[in-house]
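The structure that follows is given in the form of structure tokens.
By written order: A, B and C. Residues from 1 in each chain.
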């Protein structure tokens, strides 16, 4: 009976739960799904992390390459994030070039990197005007069940923390780069941004960490990115029903709490990885 | 080259730090298998079903460092009406190597290698699937290689057939894959990436090659055979036989993974 | 810091029905930033894009030079979802609406200008809407001052850049897109300033519609 109701009237089905201040999967309105993190599982990448938020699974692999800096910014390296939603992760995505959703997610990740100064691009410079690092941060979704952006940012941050780059020096005599794979350096992480996504039902009820089904039924989506100093790095709300300043404030407060939870998780996993070595 | 406007682009040119190593250090040393495993041994595999919640069926397979994930969607109505086959279904495949899966960063745009692999995968799986049971429909197989440490085609075949079984697609038998690398007189079963590429660049010599076999274990029939390189007739026959043995070694693990998935989906009723 | 109560917008203007082919069109000029918008529809929709209970809206951004890139695609998403919230698209099920935005010149606050041009074009096309909306960009400079409707130069000098879409009924935030980091207090100030500034634009919308239809009546 319940299954039939869910298929025929999905919105009514969700409303009946929201009326009782809970959700079909048993969560409260302000509760995130269980988040797990696995760091450094891909050996071919310079840094990698796999994040699961409920069913949603995202993997981020970082490959570092060498390039010449641009003329405009001779002291800066590059960070190139790309989000891919392969047909593997959900039947809603088709094979071929990335669709609008994947592109919007790529731009979102790029904007977060830019706005939050996660990594100072100057730190990626090896020799001014000659050589710098390019960090290709390739993010792939393996299972799409909503809240892609939160997962992407956690995966990115954890992978950056995990990344180790070989030492590169420029030989003064030959003017050529020399790479020392024995000596590896970690990246300097400047700030720790975390994203929290919200979804609005019927223009009024706000829930956190929506599943794919909840995303589809909601009237607006919003993602708030904060850092450890509780500054906002991003308030991303691509349209949808309007929210008052007070409602936004509630969401921001929840996002600040989430930042603590995620930081704790990343630290814990980083510790356990170190302990294993 | 047309620019890719659908992805964020980095600098025009960038090189892997590997290129800056002195030339002698660059060639991957095929570490000898002394102690770790015998030449005819396959790497122990780990297989699990049902990781992708959105898919009809899915599987994850790990063999050494090679990591492959596969999901199956369908059967559903064919998208391209002009290609609808009234009598039997079609297998479609999207095979991707994640950009970070290889030693050198790969491009996002599907290359020839991925296209060849996806054709090879479909051809190997087709004999095992009861396609006549799914007229006018298509079954989509999506494979992503998360880490490439050799023998990806063989393991993708195994992984995809587990995913098909998990999706409840009717099959005559599961399809298992095994790769062998012939290097002169030595043959290495289930080679790693280093073993696959070791002195490959020096050109094909006598008895140099690679063989991938896909096998239906219960019929003991070969459903797919891919060989490249140059091998003597007797070596090739021997290689195919060795691969078939290798496939049989995987069977218990695959069986176990499927059994586990079935038990979870339909727990045995306690009376 | 004092909240600036009289936000200064650059002189802005608009002309509706500028193109003959589309069902609705408008140009919107804010200072030196200028965008041309055209709306087609409701028209027949491709079967693959058909939605059974409402109209399918497509937004296309054409940059001044070159091909649209990932940034344009992300903005298209923002504008589309804002328009979808304002439009009563359930009145035109199984049909297509297309909104094309052509950049004529970019001198800052481009996203806000897209939104304003889009709204004017939708009005011109006579599509039923539950509310109007307008776009406002605020820049926070290094001294912490809020500058509304910044030019490219002011954008470059700013520490944070926030663009909001405000609806005409309750003056709430429909869309938000930000760059750079800022405090919660600064955010609330920017929202307040944008709400204030939106009055001026909504008044302009009303006047221009009045002016136009007084001729016909």
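Convention: a residue touches a chain if its C-beta (ideal position, glycine included) is under 8 Å from a C-beta of that chain, and two chains touch if they have at least 3 such contacts.
Because the structure is predicted, anything quoted here is derived from the model rather than measured.
Across the structure, the highest number of inter-chain C-beta contacts is found for A-B.
Note: the chain lying farthest from subunit B is C, by mean C-alpha position. Chain-level centrality, scored on Cα centres against the all-protein Cα centre, points to A.
Remark: subunit A and subunit C have CA centroids separated by 28 Å (rounded to whole angstrom). Taking each chain's centre as the mean of its C-alpha atoms, subunit B lies 49 Å from subunit C. In subunit B, the residues that reach two or more other chains under the touch definition are 6-8.
Residue numbers of subunit A whose C-beta contacts span two or more other chains: 103, 106-107, 110.
Contacts with at least two other chains are made by residues 70, 73 of subunit C. Residues 100, 103-104, 106-108, 110-111, 114-117, 219-220, 222, 227, 230-245, 248-249, 252 of subunit A touch subunit C in their complex. Note for the complex: subunit B touches subunit C at residues 3, 5-8.
For subunit C in complex with subunit B, the touching residues are 67-70, 73.
Those residues of subunit C whose C-beta lies close enough to touch subunit A in the complex are 70-71, 73-74, 76-85, 160, 162, 165-167, 170, 172-184, 187-188, 191-192. By the touch rule above, subunit A contacts subunit B in their complex via residues 41-45, 48, 55, 57, 59, 61-68, 70, 78, 80-82, 84, 86-91, 95, 97-98, 103, 106-107, 110, 134, 136, 138, 140, 142-145, 165-166, 168, 176-179, 181, 212.
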